[in-house]
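Structures are listed in the sections that come next.
The following pair of complexes shares a single chain, chain A, combined with chain B in the former and chain C in the latter.
Moving on to the complex of A and B:
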């Protein structure tokens, strides 16, 4: 029975491939994205049936027309994604990425306006300042967790608000940074802006490479170093890490500080990006809004399964959908609808773990069908047809 | 009924005549790198106690998990009362009256006993829980079968023995008639084991059929009617218990004769390695002291055992000794270093190895690979890291060495995720790691829990070899045979105090029992 042999083989392979850990996480992410897209499409259809097809096409493919922007907008969420994912490896939920992001941005701005070092290194110092700002802001929940056992989620939420109000206050009271008539910050000097990559009409700049480089470094830290070994061990089993003599307190503080620094870099990269209009720059409006890029980082990390390499791709994907979504407003979709579609896609995508269990169930179903299939085909020429074991016996002969 | 057309391994082939409640026919199950079950046939008669015996990793838990619907067999079929059934998940198993007590319990730690028992089959009226009815039923069952539990106690606060009774009640509450016990006695004290044997006999009288996994041949000889032996995934055969002996069973299982006695020469105690003075530990569950004013020495070259009934302060004492918990007063010295307040890492560096009581909670990172777990105490040493980078080649070859030396079996060797390994092999990995680590004192809590007779023989030999190499060994065991055989001195702990020091050569098990139950105490050496 040659054909039967083939089908058996194929299903079996699918199974074993799905069982390998990395691959099944990847498949789950793809499946999650797929479902998210379907729901996004449904939302668009409900909102405006006539335009739904071309509109959805733009959401899907529009990003390819603006590749520079895809990379540019991917950079900050790549950083916040890495921040959330890194802490998550240790079992910490860094919901404070927004506050750390805002702090990093403020530190970068401050150095951008207030210090005037040599031209070549100005932006570099701004970036380092952003790193430091985020680090300090991540340190707070880390210290509270390690020394006083206060849940990091609670402290992070508070530091989000404190950070945002503090930054808004400091900016508004600083004459050199703030333009009250426009309710935004002044233009940064050229020297503080990141070197662009020279893509027309796009702010894409060197920071995307820095971000990818950092992701690779994090991958190495997590998988090749003693610190990574301790960090993951603690994330998997706190008790065993204690038993093995690891210093949980120290590791919590370091992890949160690193996570904060990563978000801080995200904020710095966002605000220091070069403007496409000469003589201007990116600006910040201190209008008491918590930075959305921090929360997007959570979705990015979930979709990327907290793995630094996975997060590179999930950040690019989410940025791609966001770009496409923006372009879809050309078809008359209100920005709010586009926001809903994007959120639906992002949040569905973030359910990849749920998808994994659904996938597993599908595999199981297929296996059952295979067994039944054999029982039925066996029935045509076999007196023992109603006995699946007999059919399985046939199966054995077929394979051997 | 049609006669099966495949070969049958069973001894005595009067298939059609016998009253089988469950038949597992030609079951094959593969995992990456290992065939866990290879064409296994097992038949369970109605109302019998059927033991399942085999080395660590032989495939016992896998076979039972297939019957319980946790795994699906790659090949083979399951019949109940002669009819083919398909068991895709534990719910299906439950509907067929099949219940299981797992090797590692599956209880919700923060729920009460009652909530755990009714979980999934909660009696409800218009969406509201009807707990009082459930409670009545649970109390009735608990009385009927002598399973004492407190329905309102929270799981994480009760003893392992009671947790197991909860698992058993879960099965009874669901009216299961086929009961699977996966190594139920590994975690029990001898008294609790006797009780469990009696409970199982009670089930049998009620007409329930039981599948019983254990590594303890005495238990099989005591309660089982028949026994199926597995070796490396294959079925060796099924034997009637009244026609066999412990020796034959162990030979079937391991393929060679196993010695049940520990051979050892006279101990030659050297210098004091561990000295414990007036150590007191506060209890976490109640306001009293869990350990009260304990003092003793352990010398190089001797095995000292702390004996006692579970719950008399041994766990708390060991936690304090190894640094998992704080002592409230007293002094602990290891090789001349005061470690009373030292961190766990410092204690480890001072020469302490620790085989923990709870292997899955403390001993292993289940989601790490075997090789990562084997260096859990040593990854920071220069042998395994350079400038903060793990030397993966060194880890790999070290793991290979331990795996071979201690015969740790797994599907994919060093890169097997420990969660997928069999319980006994998880234990072997811990024992290998702790015994191989450079140490002066080995604190071994139940080191042979869940191991097969061959592995126990090997570990015992290693412990004695360590002793002969002038290591100090502090053993905690509930296994009276192990206590009597292995130790050079026995300290009995009762209600947090040392109530006697006994010499195993001049003491009887009965006398030891009197001390353990608090009926007898003698003056202990003053320090």
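Moving on to the complex of A and C:
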């Protein structure tokens, strides 16, 4: 997590780090993770007491044995996480990441099968198609919200279902893409697959770098551009920003389109990933189920406090414990344990306000103890010593 | 004519879960708490209801008695699960949408875990037949008997009963008025001595009870008494939210909205039985999309002047009065 520099103090000290917004968000996330893992451990102990310790250790550390896979599975949820987080900055809840993800995946597949451009750029065009598919699908809730005042949560849930049914139908009715005997899509041509990074037994590929690069770009857009400023201002107070002359409607549409495009890229990255078995590829099975990676994106965004940089780390973390959860099946545990851990983590990360105030109280207590020491050695005892600091902190929240 | 009877007989068991869950959402939102967790609450209620049926069906009890008892179990489990939301939203002032999302994610995972470990399957499968072929006496009444008292479930009548009770509580009791006040202007309500926290707890708890019952009725009327963690309740909790918005947060309008969506869904799944639609030879998936598409179109026309409770989603903070 990047710590905001405290401009009032030139010297780096622990206290300014402790007070910074990024740090308290980080601590809140850590606390939520801690509670989620404890809950997971309890569930594992209840399920099978004898194996709980080695099983839990596998959940925690197993991912390190499969680092390539951790990065590979982190890529799609990093993209959907960025999508949800970006919309969150505007105060929009993009629960429709799943539909946009599926749409992006379909567009990428379609270009992969139907177009035959030069080999070197084929996968690039597929990725761009995925971008476009997600963008179109994100545009719908955006337009509905901006122009027709329909709650984006409901429309994006509806577009999840519509997108899923539509894509399944389109794939099943396309002879070139679908193999009815296997109830799956056919293998993509090699040229449409993303260049691998050459890790043994892992599909990790170039898209993880693209995803991280996009996260950095988003960070810059959010923090260094007028658009990013307007976006966050609208997120804080829609009416005030409108009064200040920002076009709320235009920004809502752009935000949802960008969020959709990010999810669409996630779908493209997932389906275009190279397979570890030569001559095959990733396939999609149209079985009328909403893509789980969209909902995992919500978890990633919340855990990363909607900050693009935070989301990189939270995507890696969630991918890491998911790998661990898969490996824990060696001890007879089901991978669903990880889903439980993740939902508990999200539940507690919604308490972040409360956790921040607990942290503030701890910091305050430490400072009071110090002032007391100070008073005993002859300094002035000032009970209000921390008030200006808190005012400054509030000020920062308002401006940022 | 038989096709019409068939459609209506099949619409009602689908409409009732939607109706009950949307009514639950209405109680919660009119008290000021957004309840996006309805999907999870439904599945939670459905699971415990079915689990109860699974354990008790061997005793040879009358199926309808089993259903009523399981309904109570589902109501209690929905209530208990909804405390997670009320605690987070009211005491902890947490973001209600995030809390709801977490609760929705938790239930399918927990059900899958439990069922895989104990039944080696994805959910609970029961064998009790809750279907009523014909209600005695009433089923013989011309037209009405065929529409409402043949090939149905007892859930339909309970649903109508709960609709009536909810409407009365909502509009004619002191409690209903106070609850609505807390969703519109909690500070004003507090200033005249209403306990906003308590009212919101009540609103969310009622939505937990109705959500649990609705979930179990979904399992009975749509899934033949089974639950599983993979398909869950197929987005009915979210559809119920759309029904609630379409019904403008008002009980009777919600009833008609629920009928509308349930009819579309029934239509989508019975195309093969309707000769003139079957002849059109349109891909079935289009009909499956229909309820969701209709929701969006309807919302586009009705959301212009939103009647959403003014204070929904905002945690109540006494100190800001």
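Assume the second predicted complex is superposed on the first by the 314 of 400 C-alpha atoms of A that agree within 3 Å, B and C clash if a C-alpha of one lies under 4 Å from a C-alpha of the other, contacts with A are read in each partner's own complex, and residues count from 1 in each chain.
The rule is simple: a contact is a pair of C-beta atoms (placed from the backbone, for glycine too) under 8 Å apart; a residue touches a chain by one contact, two chains touch by 3 or more.
What you see is a predicted model, and the numbers here were worked out from it, not measured in a lab.
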Please determine whether it is chain B or chain C that touches the greater number of chain A residues.
-> C
Of the partners chain B and chain C, which touch A:154 in the superposed model: first, second, both, neither?
-> second
Counting only touches as set out at the top, which of chain B and chain C does A:176 meet: first, second, both, neither?
-> neither
Tell me which partner A:225 touches in the superposition: chain B (first), chain C (second), both or neither.
-> first
Touching A:244 in the superposition: chain B (first), chain C (second), both, neither?
-> first
Where does A:93 make contact in the superposed view: on chain B (first), on chain C (second), on both, or on neither?
-> second
Quick one: which bits of chain B touch chain A in the complex? Just the residue numbers, please.
-> 2, 4-6, 25-26, 32, 72, 75-77, 84, 86, 88, 324, 343-345, 347-348, 354, 356, 361-368, 372, 376-377, 379-380, 385, 388-390, 392
Tell me, which parts of chain A touch chain C in their complex?
-> 43, 47, 93, 95, 144, 148-151, 153-155, 157-159, 161-162, 165-166, 168-169, 173, 289, 295, 298-299, 302, 334, 336-337, 339-340, 342-344, 346-347, 349-351, 353-354
Once bound in the complex, which stretches of chain A touch chain B?
-> 16, 19, 224-227, 229, 232-233, 236-237, 239-247, 364, 367-368, 384, 387-390, 392-393, 395-396
Touching chain A in the complex: which residues of chain C?
-> 36, 84, 88, 92-95, 97-99, 101-103, 105-106, 108-110, 112-113, 116-117, 229-231, 235, 238, 241-242, 245, 283, 285-286, 288-289, 292-293, 295-296, 299-300, 303-304, 306
